[in-house]
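Should a chain be cited, it is by its letter among A, B and C, assigned in written order, with residues numbered from 1 in that chain.
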Amino acid sequence: MTSNAAHEGSGAGEGVRPGRLLGRPAVFPARRGASAMPYVKNLWYAAGWSADLEPNALLSRRIVGEGLVFFRQRNGTAVALENRCAHRFAPLDMGCVVDAGLRCGYHGLIFGPDGTCVHNPQGPVPRSARVRSFPVAEQNGLIWVWMGDPDRADRTPLPDYSFLDAAKPTARITGYMHTRSNYEIMYDNIMDLSHIDFLHTTTLGSGSIAKVTPRVHAGDGDEIVIRWRSDGQKAAPVYDPYLPEPGGRVDQTLEVRWRAPGLMLLVNSLQPEGHGEDAQLVSTNVHLVTPETETTTHYFYGGIRNFNEDDAKMNAQRAKAIEAAFRDEDKPMVEAVQANMGHETDILALKPVLLPSDAGAVQARRTIRRLLAQESAALA
Amino acid sequence: MTSNAAHEGSGAGEGVRPGRLLGRPAVFPARRGASAMPYVKNLWYAAGWSADLEPNALLSRRIVGEGLVFFRQRNGTAVALENRCAHRFAPLDMGCVVDAGLRCGYHGLIFGPDGTCVHNPQGPVPRSARVRSFPVAEQNGLIWVWMGDPDRADRTPLPDYSFLDAAKPTARITGYMHTRSNYEIMYDNIMDLSHIDFLHTTTLGSGSIAKVTPRVHAGDGDEIVIRWRSDGQKAAPVYDPYLPEPGGRVDQTLEVRWRAPGLMLLVNSLQPEGHGEDAQLVSTNVHLVTPETETTTHYFYGGIRNFNEDDAKMNAQRAKAIEAAFRDEDKPMVEAVQANMGHETDILALKPVLLPSDAGAVQARRTIRRLLAQESAALA
Amino acid sequence: MTSNAAHEGSGAGEGVRPGRLLGRPAVFPARRGASAMPYVKNLWYAAGWSADLEPNALLSRRIVGEGLVFFRQRNGTAVALENRCAHRFAPLDMGCVVDAGLRCGYHGLIFGPDGTCVHNPQGPVPRSARVRSFPVAEQNGLIWVWMGDPDRADRTPLPDYSFLDAAKPTARITGYMHTRSNYEIMYDNIMDLSHIDFLHTTTLGSGSIAKVTPRVHAGDGDEIVIRWRSDGQKAAPVYDPYLPEPGGRVDQTLEVRWRAPGLMLLVNSLQPEGHGEDAQLVSTNVHLVTPETETTTHYFYGGIRNFNEDDAKMNAQRAKAIEAAFRDEDKPMVEAVQANMGHETDILALKPVLLPSDAGAVQARRTIRRLLAQESAALA
């Protein structure tokens, strides 16, 4: 496991640079938490929505502590390079896209998609002039990056989120949120949905979930499945207006399927009482959590629904409401939790009281620890 | 002495939260100064003015490094709990007051006034679900908190500031200021009043104090008394207009009585020359200093006067002038002093030159060191 | 070498204080980089432009990690004292200039130009009441400070920049910029001018420099000389309008002469093709780099030209264009480079790829290392 000390810890959400004229905050290594541990490397990490990486743009994004720059080759293929020129350590996202790759904005070295320097304005290219490149894949509107052994990337399938492609644009939303918390705290947020009755009372909460003890079981491969079932309850505000009879009772199933490194599929089915299956409201969502640093996290979310699929206005309102709930309710909470943990990143090391709804996220942490141990053993 | 590492170091003044929708800055442990020492625990610390803790409000305040949340029970009794839910470490000040106590805003656990969890929406309350609670007392318009052995709290009387209660509201002012300095630097500020002639020339300074060598002697118990006496001098701008003959000469006594952990009573008496005792102007003030962290301090001040007691307008002006002097003159100075000390918190460790006016504050530091040694010995 | 730990790391540009009413940010020591090294002390450091130190003003400026306050005695002589009162560590720049020297704003001690306390309002001056004073010299419109052995200051001549004095004010510009980067990164910026073709394409760049391999040779004393020569190229936008035939070709020489601790003289000569020597455009500039802390730097620049010397409007535009290029193009880049280096301050310790244009800056670093070793040896 290489040390990433010199790369870690922006703490600031990074995005498409609006231009190189703006000042940049100093980026220093994050202090290691007391129970700090390396990241699992040989897995695909969600790096962004395809739509967010435009031609000719340079997207700077730190992933598992490594500063990367993403861009598209002229043929549209996404590329991820180390965001640090091999020469004077200029961030490559301050340069520009050229036919041959990415040109550094300081002294004009050009790096190709594989990280090799292909042009030096001053003369011959030094043999050692190269930056790290990282395998990138693009599928279902998402860009994925591989931070481990490149040879293993080809053999590892991406998660299949083709339902996102299949949905009408007016029935699909996507979003991004940066949080100042360890990524595992985001597991807790999405895998323990009992919080929606308290943190999201006016939007996502129905008052029915916290009372239900979820069932947790192993799914396919390393998957962890958590399922809440409630019968004869009122629907949450984001669903109620779309019921055949608003204000009526529903039987509800909420299911979260987690897989490493932090890919969560959430399906919410509401079956209105006294109606057939064709009245069922279903919302299918991805919640993808990617460590930026040990104490900051990228969170990509997206979802489709099977009702009012052509209602563009309702879709926009729904996107806005969900964004507001995440930004104004979840983000302050997970960041306050991290703040209350100080430099620690592993909440279990601080001996919290565990409730039944924590079972899923505890198992997810165990899976991560097991994968880390496997990677360590493979290196030994 | 428990380690407070995970709790220390907000560095930001905290107050009644306006709502949970706002972002919270990351709170990380303050780095220990080179001569860092624990705090005296078995003493009452001023935690706030009673009026600042309204019913149904949650007041987050860090005291001697520990993150606390204050609230009032339905019967009005003030309570202080650890500001960190036992479950997922949500700050409890992001919750709300309910009949049974305080409900966490993340997953709905309710904690009673003694810190015990009394309700879990998901089912039985786990036996270990509790947060620390801290003895709280309220007297003379002040809220006090006990950070040490709870059994000793009952046996320790609060300081008697009943003069604050007895005063007419139009003859009383109270205030709060947060400083980015170690609390002992605030001792220096209040116990060495020679600074008023240089730092507060247009408000509190009369030009007569710096020339006087104060007398320092032991008072009741651990009290340290410092007294300045000057005869036939002009009065400071905040007193002069209220003399029988403005611009005239006064005999002045300034007396500060310090006691641990940082409770200072300041009495200022001005006797106009050629007038009887009934012309004496007297101002009686408390200056209460409570460590937030090693490098940040809560400062509560309040006072009454025996002149123009019914003049509400003058009282408001006086409050504003004092607030301005503290905020614009003392606060920048004490914070600059701390900045000049770097991570060090004990100025004596940096070998300053001492002047006669420092005698009181040096003795106060000795008292604190003795009390710390006593507490350490009692634990050994 | 004394430890400067308690002084280092403002990280903020400091200047003439607009008044003591403003809050001051906390100043804590910068964390030492992995390859941290002390500074060369026995050399003159540029501390500011003479014009920036007005009578009665107090200029706070940190130099090689030491917090200094500059002011002028009544006779105009510039003085530099430790910016920390010997008594309560108040920053002396929060005081005021008086006839006898500088009066502390907290308790009124007055320090003379040699740092000795000459007045204590409370009575006799304690013998130990003194602050460090630093030799200061003023020449060619620049203030210089000596951070090492005072006895050696007198024997060390200042650099001769009399050309600055000789120039018409309408043919001269001066400026200051603060950067959040180690000072050696500023060497790279000025000694490797190949960057102007990429970072300053619309202002200073002509597209002709990056292609030229500079010649590097030793100059007088420890001087390092780097020279670029290009023939028959277009002139940069800041020169082109002043050619006898704008848009025409020029033979250009760019020469940088570096000497410790970071004094760079840059001469740019453009000889229009088909014209005699009297048509030559020459710009002569100083670029003076002074460490503030290990990761922040003061940068003073100034220059004169031999063309359009009476054009005040053009001079102002030129000053503005140069300031904009430095602030909007160089500063973001050097700060991003430092950020990409994390806490490291020596880029060579991170094994960058070196290009031909780096030769000068690498030699400058070697000179600094040799001077440091000499100073260490002299102390041993």
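Note that a residue touches a chain if its C-beta (ideal position, glycine included) is under 8 Å from a C-beta of that chain, and two chains touch if they have at least 3 such contacts.
Here's who's who by UniProt: A, B, C = Aromatic ring-hydroxylating dioxygenase subunit alpha.
These numbers come from a predicted model, not from an experiment.
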| item | value |
| --- | --- |
| Copy pair chain B, chain C: interface residue numbering same or different (half cut) | different |
| Rotation angle (°) superposing Cα atoms of chain A on chain C, nearest 5 | 120 |
| Separation of chain B from chain C, taking each centre as the mean of its C-alpha atoms, in whole Å | 45 |
| Contacts with two or more other chains, residues of chain A listed in rising order | none |
| Contact set on chain A toward chain C in their complex | 5-8, 20-29, 67, 83-84, 86-91, 94, 103-108, 117, 120-123, 126, 128-129 |
| Chain A contact footprint on chain C (complex, rising order) | 180, 188, 192, 194-195, 197-199, 210-211, 213, 295, 328-329, 331-333, 335-344, 347, 350, 352-357 |
